[in-house]
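Below you will find the structure I want to go over with you.
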Amino acid sequence: MRIGYYPGCSLQGSGREYSESLFAVAEKCGIELEEITDWNCCGASAAHSLNHDLSVALPARTLALAEKQGLEQILVPCAACFGRLATAQQELVSSEPMRSKISNYLEMPVQGSARILTVFEFLQEHIFPVADQFIVNKLNHKTACYYGCLLSRPKDLTRLERPEDPMEMDAVMEKAGATPIDWAFKTECCGAGLSVSRTDIVAKLSAKIVEDAVSRGAESIVVACPMCQMNLDLRRKEINKQMDQGSDIPVLFVTQALGLSMGISAEKLGLNRHFVSTGKVVSCVGRKEV
Amino acid sequence: MARIGVFICHCGENISATVDVEKVARLASKLSGVAFSVDYKYMCSDPGQTLIVDAIRKHKLTGIVVGACSPRMHEGTFRKAAEKAGINPYFCEMANIREHCSWVHPKSDETTQKALDIVRTMVEKVKNDTALFPIKVPVTKTALVIGGGIAGIQAALDIANAGHQVILVEKTPSIGGHMSQLSETFPTLDCSQCILTPRMVEVAQHPNITLHTFAEVENVTGFIGNFDVNIRLKAKSVDFSKCTGCGSCWQKCPSKKIPDEFNAGMSFRTAIYTPFPQAVPNKPVIDRANCTWFTKDGKCGVCAKICPMGAIDYTIQDEIINVKVGAIVTATGFDIKHSDFFPEYGYGKHPDIIDGLQFERLASASGPTGGEIRRPSDGKVPETVVFLACAGSRDKAKGIEYCSKICCMYTAKHAMLYKHKNHHGKAYVFYMDIRSAGKSYDEFVRRAIEEDDVNYIRGRVSKIYEKNGKLMVVGVDTLLNAKPVTIEADLVVLATAVVANEDAESVAQKLHISYDKHKFFAEAHPKLKPVETNTAGITLAGACQSAKDIPETVAQASAAAAKTIILFSGSELTREPVVATVNRSAAPVYTTCTGCFLCQEVCPYQAIEREEIRDRAGNLLMNAARVNAGLCQGCGTCVAMCRNKSIDLQGFSNQQMLSEVMGLLNEPFE
Amino acid sequence: MENKHTQNQELSLKQQVKKTVGVDVQTCYQCGKCTAGCPLNEEMDLMPNQILRMLQAEYPGYENEILTSTSIWLCLACDTCYSRCPQEVKLPQIMDFLRQESIRRNLVNPKSKNILRFHRAFLAEVERNGKLNELGLTIDYKLHSLNLFQDLQNAPSMLFKGKLGLIPHRVQNPSEIKKLFKKING
Amino acid sequence: MAETFEPKIVAFVCNWCTYAGADLAGTSRTKYATNVRIIRFPCTGRIDFMLLIKAFQNGADGIIVSGCHPNDCHYTSGNFHARRRWMVFKSLLDFMGFPTDRITFSWVSAAEGKKWADLVNETTESVRALGPFTDYKNLDFTQFNQIDHEGIAEQSR
């Protein structure tokens, strides 16, 4: 079964360790990902803020290319990209006029037929069945699974069972031998698109998240969105200013954590690319008790 | 040879203003079979009716057509007149030349012509009328009341006090229903059990009431006045004839960790149990799903050893009893949503986010905390309590668009009770609107705000989460420029939506009554038949029909009782003879019915029965359909369905309808 | 708008929302749950439910007040409001529309200009290469927003950690994307 | 100019909804075309569609069949059976080339006097546009009684 892959721009830049770790894990489990040839940017929040048609057309181009490539399912690890692609797909499928309008813009047909996988669906359906034989270390520590907005909402797109208290990432971390904590900010917003233009806001929102995770004894925060990761990691200086006492809790991608439990090297998983040292988590590999 | 009389009414000016009534009368007299025709100013007046009676007698009329108003208006009046004159009342037909003609058309020849057409049509119909006689159905003067809550109790007592037999069936081991769980009741704050328990005892002791607790209606057949009901008496495992209710069995029962339904899951009960101290009957039953004797076959048996009367009997089986009743009162009550219904409030994972019924138990003297309001998690007395109105109600996204009606009042009551017991505590109520229409209801809410200093915040709560032992209630005050407010609470009470019981649908299907999309039972008419169902003889009482408070429930229960008592007022009831009949004739034909029973499939009332036609020797000759006149409501769907016209509808027979069509058109319109 | 009287003049903002976004703001019954849950409610000058109420009320001057608010630019489209709204009002989509309308009517609040600049810089970058290059974006944005020193402490380390690529990623044929933009922007 | 053709419309209605609706139109004095003649059934479920054919055979130009709205049937399901049977019957008529556009199927409740008036007016206009229904009149029923011996002989050869 071919699995298409849409990295999106962040995974080639600020979030590259996400794709590095994802590929490392996939490779370990002998699963191939087929990148969509000549994919383009999804338009992110800029497009849907400024121009609705553009916010559909940009993802539509990628979807059209995927169809040309004959891909029936596409993995979109980046939460933001997933949101845009899934939303665009929904519009294409539900409105014939929109569909013809867009394929008109693109000068190529587009159906929006391919199934778009979240990183959780990918892990559950393709990695979980084979994972156990590759998991060599218990990633023995308390972790806070942080889902953010775009992997939880809207629920008809993200298909989470408990959109207000998701468990999908927790399941992955349990596989990795960690102990996910029950906390209150799983699906709160980190400030996302305002990262550059209103860093002050991002700092405030992210601070609440880090604070709650730390106050409940989490030793790491695990994410599945490059924007969440960047805000919680790159913005830590600003975040710490917002907190009574700062925190150096590392922020990992779920695939990095899983990779560690599979004995993949920290370098290969891009754990050196973080601003807040990930050493703590690396060190609790195979640790006895939590 | 038919001799029809035609009587055209002016209705003052109402008809004559636009229709040339004289002309209609004149031309009508020329119609074949018409022996007499006349017009008059007010046919429905006494002189008008006398005119008709005399004409029938004088001209030996076999049938009459009254050209006047809608049959829905005066058909009865003129049928009586015909009867008075000595002809069968069903030989009287109304030609509706007012509502359908004179009032909707201008004065013109067309209008007059139309009036004539209508009259002619009915003349053709009356020629094919047959003598019909009201159907008499015997009545079994025993009522079945389903549900032993306050609705069922009230209905049962009213009917019983009118001197009729009542069979009261209750699903749980005791009557009392939700009302017995309540602490105090709005707007008077009198203790719920204090006013309820006397009624419960009265039911138990009433000579006319047979009480079956721990029992459920299995199935219902028959029809108004003559229902045939099977009731399942679930195995109590206790011989009530021996049991004295001493209670030593449940005191000794080792399985003590079963969530207590009566205390809304906030305490535990034993496997052999009486739901609560004032239960009626006050004798225990064994909950076999949780009793080790049944789960770990034959283990334990302590209760049997301990019982001084030897009343415990593990071998008792479910028993089905059959009863015949004339009327049924449905009072199966309601349920509420629980806190696990709310994702944004934590899917019920916080023990200190509770629902209204749980708070009632906390506030009740007979409750798990003896009436002290303590939070479930650690038994601490909460310093701050937040109440959320409209939890789930008026929430399209959650599939409950309707208002649950009682929450505004009981939330005010809850806040009040809390403040009365904890003067220094803080009580907040998040609300959208305050719906307190009812006798001294709004005054009650004002009291909560003004005298008990409850802080009402207009806005909905978006999220509740736990932090350092506090519940963070994230809301908004829309009366302060939509100010976001987060309240740190120790206890949160959700006024969760009132919903239908989960078995409501199956109950409705057993009774053949209809229900709305929220599974509340449907009344026959929203205004004029609020307690009847569209199945004759079955009435509704209480919250099974829609969310209701106690006064409303009691009122409706008494109304249902009144309807039942009216039904029982005569030894038999009379019904319009507009029913279907399957033709019958002498041997060797017997009937043209071929026994395909398509009619049976389409009949909404199960009125079509299967009759075996046998010869004298008793050999089966054929199966044919037979209509149960008691059940048939006269819709005639079976008639349209019948392949060879073997079934027909009295009053709207094939011959009558055909003659109408012909009469309408066989002469020129204009 | 079938109504003769309004046929000729422009649609009210409420009517536009109904027509282009397909959301009827009349369904909002002002429970305020959207505001309560909004992560940015502390930053906003108009609360989400107030914007809906103002759309409903259509008092004179409200349209400008809405379109010059900073709230419409702060909205992160995190969907918290919609996911909890009892009346299922698609507020994020309304916000998207209001932003675009605010630009069209040239009513963007000066305080929000930076957010708009960032969005524009973002799309400019996409228009150039079909893909986003954070370095290009940051430079472009800083030139427009003129706060040159923000993030300066981060940039080098980002480069060092290989998070900012110096060689921009491109689609095979960037002109294709430029064409797409041209077509859509008309 | 030639006088306008006045179509004959026969309405088959149920007693509880549409008949009452027509009564309401009366009590509220809502004016409508005089072309309609009402035949009252207890329920649309009672209507034998062969009667429609009879009506056409006897000179009707158009027909209205109207009862309670879905789920409002006084007899809970009669109108559904009517609708279901109408579907089948209509496809048969269409197959036979019978002009089913002369038959209007509608729901009018006891509260919809105005809707009844509109229904009558609209139907009257649409049928007037269709012109008189002559197909039946043109049939020579006498022919049915004569047996075509030659034809049969032909066949048997």
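First chain written, first letter: the chains are A, B, C and D, and each begins at residue 1.
The criterion applied here is as follows: a contact is a pair of C-beta atoms (placed from the backbone, for glycine too) under 8 Å apart; a residue touches a chain by one contact, two chains touch by 3 or more.
Worth saying up front: this structure is predicted, and the values here are computed from it rather than measured.
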B-D or B-C, whichever has more C-beta pairs in contact: B-D
Subunit A and subunit D: spacing of chain centres that average the CA atoms, whole Å: 64
Chain centre separation (subunit C, subunit D; CA means) in Å: 57
Subunit B-subunit D separation of Cα centroids, rounded to whole Å: 37
Geometric centre distance via CA averages, subunit C-subunit B, whole Å: 53
Shared interface positions of subunit A, touching two or more other chains: 163
Multi-chain contact sites of subunit B, meaning residues that touch two or more partners: 344, 463
Every chain pair meeting the contact rule: A-B, A-C, B-C, B-D
Of subunit A, residues touching subunit C in the complex: 9-10, 12-16, 38-41, 43-55, 57-58, 61, 105-106, 149-150, 152-155, 163, 188-189, 191-194, 196-199, 201, 205, 234, 237, 272-275
Residue ranges of subunit B touching subunit D (in the complex, touch as defined): 70-72, 96, 98-100, 103-106, 108, 110-111, 113-114, 117-118, 121, 514, 534, 578, 602, 604-605, 633-637, 639-641, 649, 651-652, 654, 657-658, 660-662, 664-666, 669-670
Partner subunit A, residues of subunit C touching it in the complex: 39-40, 43, 74, 76-80, 82-83, 96-97, 99-100, 103, 114-120, 122-123, 126, 130-135, 138, 141, 145, 150-151, 153-154, 157-158, 161-165, 169, 171-172, 177, 180-181, 183-185
Complex contact set, residues of subunit B against subunit A: 343-344, 346-347, 349, 463, 465-468, 472
Complex contacts: residues of subunit A adjacent to subunit B: 162-165, 182, 184, 212, 215
